[in-house]
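Paired with subunit B in one complex and with subunit C in the other, subunit A is shared by the two complexes that follow.
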Partner chain A sequence: MSEEIGPLQKFLRGRGMRKLRRDRMALAALSVIGLYLLIALSVMAGVLDNADVFDRVGPDNVAGFWGTQDGERRLDHHQLRIERVERAAKTTDPTKSLAEFRLGGLRASAGTPEEVLGRVEEAWRALDAVAAYDELDVSPEVGPLFEELDAKVAALYEEPAGFAGFVQSLRMSLGTDRQGRSILFRALYSTKVAVQIGVVASLISVLLGTLLGAAAGYFGGWVDHAVVWLYSTFSSIPWIVLLMVLAAMFRGGALDGTLIPVYAAFCMSFWISPCRVVRGEVMKLKELEYVQAASAIGFGRVRILLKHVVPNTAHLMFINFSLLFIGAIKAEVILSFLGLGVKNEPSWGVMINQAKAEVLNGFFWQIGTATALMVVLVLAFNILSDALQDAFDPKHV
Partner chain B sequence: MSATATEPILQVRNLSTCFKTDLGVVTAVDDVSFDLHAGETLGIVGESGCGKTVTSKSIMRLLPSHLSFQKPESQVLFGGQNLCTASEEEMRRVRGDKIAMIFQEPMTSLNPVFKIGWQLDEALRYHTDLDRAGRRARAVEMLRLVEMPEPERRVDEYPHQLSGGMRQRVMIAMALCCEPDILIADEPTTALDVTIQAQILDLMNGLKEKLDTAIVLITHDLGVVAQVCDRVMVMYAGRVIESAGVHEVFHSPRHPYTQALLESIPKSGAREHGKRLPTIPGIVPSLTELPHGCRFQDRCAYKEERCVESEPALETSGGRSHRCHFPLGGER
Partner chain C sequence: MWTYVARKLLYNIPVYLGIILFLMLALRVNDPAYAFLGKNAKPEDLLAIRAQLGLDQPFFMQYLEVLSFDFSIESWANKGLKVSDMLRASIVPSLSITLPALFLTSIISVSIAIISAYFRGRGVDRSLMVLAVVGMSVSFLVYIIFGQYWGAYLLTREGGIDAFAIGGFEPGLTHWRYYCLLPVLISVIVSMGYDTRFYRSVMVEESSRDYITTAVAKGAGKRKVMFVHMLKNAMIPIITRIMTTLPFLIMGSLLLEVYFNIPGMGRVLYKAIQEQDFPVIQSFVVIFAAFFILSNILTDVLYALVDPRVRLS
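Right, the complex of A and B next:
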């Protein structure tokens, strides 16, 4: 009696999956990768909009986490918040500009422009009272004055409720960068950029490399010579140089500022390693009898190559994909750090580049966040690749 | 010799296949001619490297075209067509559909990543107009024909789930699923153990009668030849050196090489006990340095001056032929 089960269930119940399920590290790595993918997908779905990533939410270089700010920083923060509302209330069309007003997701509280200006005035007075003290963190009298100021400024803004309130509390949790933008949200947005570059670049490279390598290995002759010449030539060009050339080529064109030059440079240099491996494997496979048997059945050469030989290189495609995925993410960070990679969008490399100057002043929040997110992803991927190798390698007991 | 009355379905005439090597052009199959009749089993016998496999692959045109070529006088006449000059397109219609082939190594003859049902299905899809359900039914039927246990379940299994003998059965099923006129079996039992060998040979014999397929059986095992063949062609260093009915070859071999091959078969019985098994001294000459005269001279027990001076021609008489100046069983 054979039980009817589909191929997916068979795969899930198989020996490889059982071993994988027993491996705690692998499961942890898998959930971390899943989390990153979830973040990337929700960013793509528009959970973070441009305002979250590009607009000022507070003063420059605010340190992360709640309550670690000294009096000066708190004063700066309040000053910025009062100034912003005041500016909106003093435009030519104050009703409209107050309705459209946002500061990092916060709205101005309801009221006519006159009422708002009145509240602004009170807030300024409370601020001046605090600012009169020189030693904000030492003087005991400042405490109640600060509470007064907190209340006045809070009155200027609508208190966000529910989920919006939670998002608001996250916004400043890892501090702000030099332009007062939320580090956490920029780093999360960068996850999307990293995953996007990793998937696109490694997918195209693996497909391109597999096709060229398979054709070279299978047909031999001049096809082989051409492909080998092509990859020898390309592998002799360092990819950073290649990218600089491409960046110069695309400058001013329609694709300038998009990710296309990055993809192009990565694919041009990354297709080589799958191509080499697949070419060698196909040279071995084409001598096997099932390939000869396929031609004895009368199939054409292209059909045999695509339907009989290439599926047998699937394991190489998977391995190369996971290697190139990590490679692409790291390369993107390096390129963006050099200012050659991602433009007009935050990315971990861009963040690290911007953090250069801050780090010297002891402000580590930006570089720390970007680096930590990158390291965790790369580490999780490495652990997972290792575990997959252990679980699915037939020679491994 | 009932088969000779009808027109042969395959006529090979003066087939010569050459390889381009670093040492120059080498003729691996030299002037081979034979006929094959419907329902007949022809055994091609010889040591390794004597051109058996190249002959069969030349008929199917499966040799790499940039490394090999056939001499212009070569003819493989099949169904009113000369396969040596047919286009690749025409060859693809012949392969699998009209002439099928099975290979020596059952372990690597099936694609490991596809279910055997898929592999049978693909051949049928390529050569027949059957619909999906029809092809599956035919695949199961073919598996049943080759005596595969539980064919309905086996079609959904992968090659690694089958034993060597079962894989060879699948290969035979694949080769026969389009009902070819000719089946070329290149050492189909060499990689199998003896009991499975016997089963596979019985199977091929039975199928030949059921489907009226002509079989070209390539082997170096004379025991296999005795079991299934109607006629035998012995090859040596690319040449046909003897060709005769199976009974004649075993009872009155004409060529010393054939005789030596027969003597080197282990025999059972008390009389043979304790004796050394006779072997043929020396090795097959390299195709790049063939001796002048008879190609077997260096290993021949009956060598004379004439053998060095000129190579004997293939002499045909009474339905059998041999290539020797001093044939055995004649006046000597």
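Right, the complex of A and C next:
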């Protein structure tokens, strides 16, 4: 009984893979990565839409966990919520604009425009009653007045039930950014951007690097010289300089605003390390008996290279993919800082860069959320890379 | 030895020519004169500014022009300022951050690595390595933002200790602590994770060699083996590592320079890109690449000095 097994199955059943499966840390890291992948896929599937990410849901810089807010901020929040409904009720076609009205996920509660305006009027009165006090957090009389205001404002909105209510409670759970947008949803959406950039940039770089490196190592001669010259050249351009030159190159161009400048910036420098490693490995592999046997049978050189040599560098491809993924996620932050980063979409880099100004006011929710999500993913990939290296490349320093 | 140096120099010439070619082409994808003057530029202004830099010449002539290393050209954004003067003014601020940072990072990382390797596999080692990996997973920018907030802002405002500047730079040793120490410390913390892990694995690798077994068999104590036998041999990869990080230093501090308003080379380049100041961008990029290549050659040569086997390959 002979079973035909492809190179991938061979790789998956190999000794390294068995070793990896016994590594508990690596499995934990893999499941964390799986979780992030799941989040990214559900964002891609449209679980979060643009409104979740770009629309104001509350006042600026609300603290997370339905935070300990002082009276002033609570008042601001209520004022915003009343103003929004009032504005919708006072348009030329109030019935339509009230039906279309959304604040975050909240709808205005049902009723004719006149009824709504009546409720708005009551809410304003309750608000004025509270605002009459100077020291909101000290005066004991404010408590009941605030409760009344809470009730009046709540009456303006339809209480979401069931799952919608759950989503609504999540929306503000980690606070809002400087433009009153949900930090949690933006951070979750950024997971998609990070995974997308990581996968595309690392995949292209690894494939490109492997192909060039394998060709250089296998064919030798002028191919080798050309590839070595190419990677010496690219690795001699300081990485940040390369990024900045690309920033200057893409600025104002047709591709500005897409992710393509980001991919280009990463791939330009990321292909080098897999290329180097694979070239060295292939030079070693091509001297082995099985390659000589293959050429003795009469297989062509390209076929030997692609079917017999390159699959045996699969472990290097996996290790490099994992390392480059980390590089891509971390570099995205710096890229955003340089102004070449992600545009028209939230990303961890965009969030951290926006949070610079908030930190000086002692507001840490945005930078904290983005950093925490990023650290967990990068940590998981770091652990995975270590485990992969231990399992497949034990001699590596 | 000298043939080796000559070979290295010759080998790097085509590499450098390639770099300049690529960078010059990349910088010319968008018309630099147009990018600087904006949409409403007058045609005669565009022509004048192009002629000033020879941008109207054929590309080959421009290539030769750049390779003549004439940096006395004038900046577009800062009228009357020569690029060579900007370069001269920015070297000292850059180096006053990167050199101390490199020095401190290396010493601290090697020390931690020794501790870690000494207690290999035990709790100390594990917790140090976990700390290193976690430290590596946080973004550079986050370190800078929090470092500036706690060290320069909060300490001054809440603690009343004006130990570090929130930004700015003054030359001179007396001002160094106030303006540069905080960025240096941040830089040390950022690179410590990577370096410690590398140095530890170097030492662990070294500790499995035959000469260590021999030393142990002859009855040398663990401490003596670690510090006398092992550290001496581990110095080769350590020095190589330090040398190879040298060229990254100028650029490595770019973020720090921008955040702390230190007028170093990185910040000058950053500002030039913001202002589309083409003469400055092109000259700085050319200089950076030259510096990079030179330090690469230096690394190779030093490496060959330490390890004679390299020269033969």
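Keep in mind that, in the parts below, the second predicted complex is superposed on the first by the 354 of 397 C-alpha atoms of A that agree within 3 Å, B and C clash if a C-alpha of one lies under 4 Å from a C-alpha of the other, contacts with A are read in each partner's own complex, and residues count from 1 in each chain.
Simple rule for what comes next: contacts are C-beta pairs under 8 Å (C-beta built on N, C-alpha and C of every residue); 3 or more make two chains touch, one makes a residue touch a chain.
Remember, predicted model here, so these are calculated numbers, not experimental data.
Colleague: With the two structures overlaid on subunit A, would subunit B and subunit C clash, or do they fit side by side?
Modeller: Here subunit B and subunit C can both sit on subunit A without a clash.
Colleague: In the overlay, answer first, second, both or neither for which of subunit B and subunit C A:A357 touches.
Modeller: Neither: A:A357 stays clear of subunit B and subunit C.
Colleague: Could you look at A:A151 and tell me whether it touches subunit B, subunit C, both or neither (first, second, both, neither)?
Modeller: neither
Colleague: Identify the partner contact of A:V378: answer first if only subunit B is touched, second if only subunit C is, both if each is, neither if none is.
Modeller: The answer is second: A:V378 touches subunit C but not subunit B.
Colleague: Does subunit B (first) or subunit C (second) touch A:Y290, or do both, or does neither?
Modeller: So A:Y290 only meets subunit B here.
Colleague: Which partner does A:A314 contact after superposing on A: first (subunit B), second (subunit C), both, neither?
Modeller: first
Colleague: Decide which partner touches more residues of subunit A, taking subunit B and subunit C as the two options.
Modeller: Counting residues of subunit A touched by each partner, the higher count goes to C.
Colleague: Per the contact definition in the header, classify A:M244: touching subunit B only (first), subunit C only (second), both, or neither.
Modeller: Only subunit C is touched by A:M244; subunit B is not.
Colleague: Pick one for A:F299: touches subunit B only (first), subunit C only (second), both, or neither.
Modeller: first
Colleague: Just to be sure I read the superposition right, which of the two partners does A:L38 touch: subunit B = first, subunit C = second, or both, or neither?
Modeller: In the superposed model, A:L38 contacts neither subunit B nor subunit C.
Colleague: Taking C-alpha centres, what angle do subunit B and subunit C open up at subunit A, rounded to the nearest 10 degrees?
Modeller: Seen from the centre of subunit A, the opening angle is 70 degrees.
Colleague: Look across subunit B and subunit C in the superposition and give the shortest C-alpha distance you find, in Å.
Modeller: Scanning every C-alpha pair, the shortest subunit B to subunit C distance is 14 Å.
Colleague: Tell me, which parts of subunit A touch subunit B in their complex?
Modeller: Going by the criterion above, the answer is residues 2, 220-221, 288-290, 292-300, 307-308, 311-312, 314.
Colleague: Tell me, which parts of subunit C touch subunit A in their complex?
Modeller: These residues of subunit C touch subunit A: 12, 14-16, 18-19, 22-23, 26-27, 29-30, 35, 133-134, 136-142, 145-146, 149, 153, 198, 201-202, 205, 237, 247-248, 250-252, 254-255, 258, 266, 269-270, 273-274, 276, 281, 284-285, 288-289, 292-293, 296.
Colleague: List the residues on subunit A that touch subunit C in their complex, please.
Modeller: Per the touch definition, subunit A meets subunit C at residues 229-230, 232-234, 236-241, 244-249, 251-253, 326, 330, 333-334, 337-339, 348-349, 352-353, 355-356, 359-360, 367, 371, 374-375, 378-379, 382-383, 386, 397.
Colleague: Please name which positions on subunit B make contact with subunit A in the complex.
Modeller: Touch list, subunit B to subunit A: 60, 62, 66, 91-97, 100-105, 108-114, 122-123, 126-127, 153, 171, 174-175.
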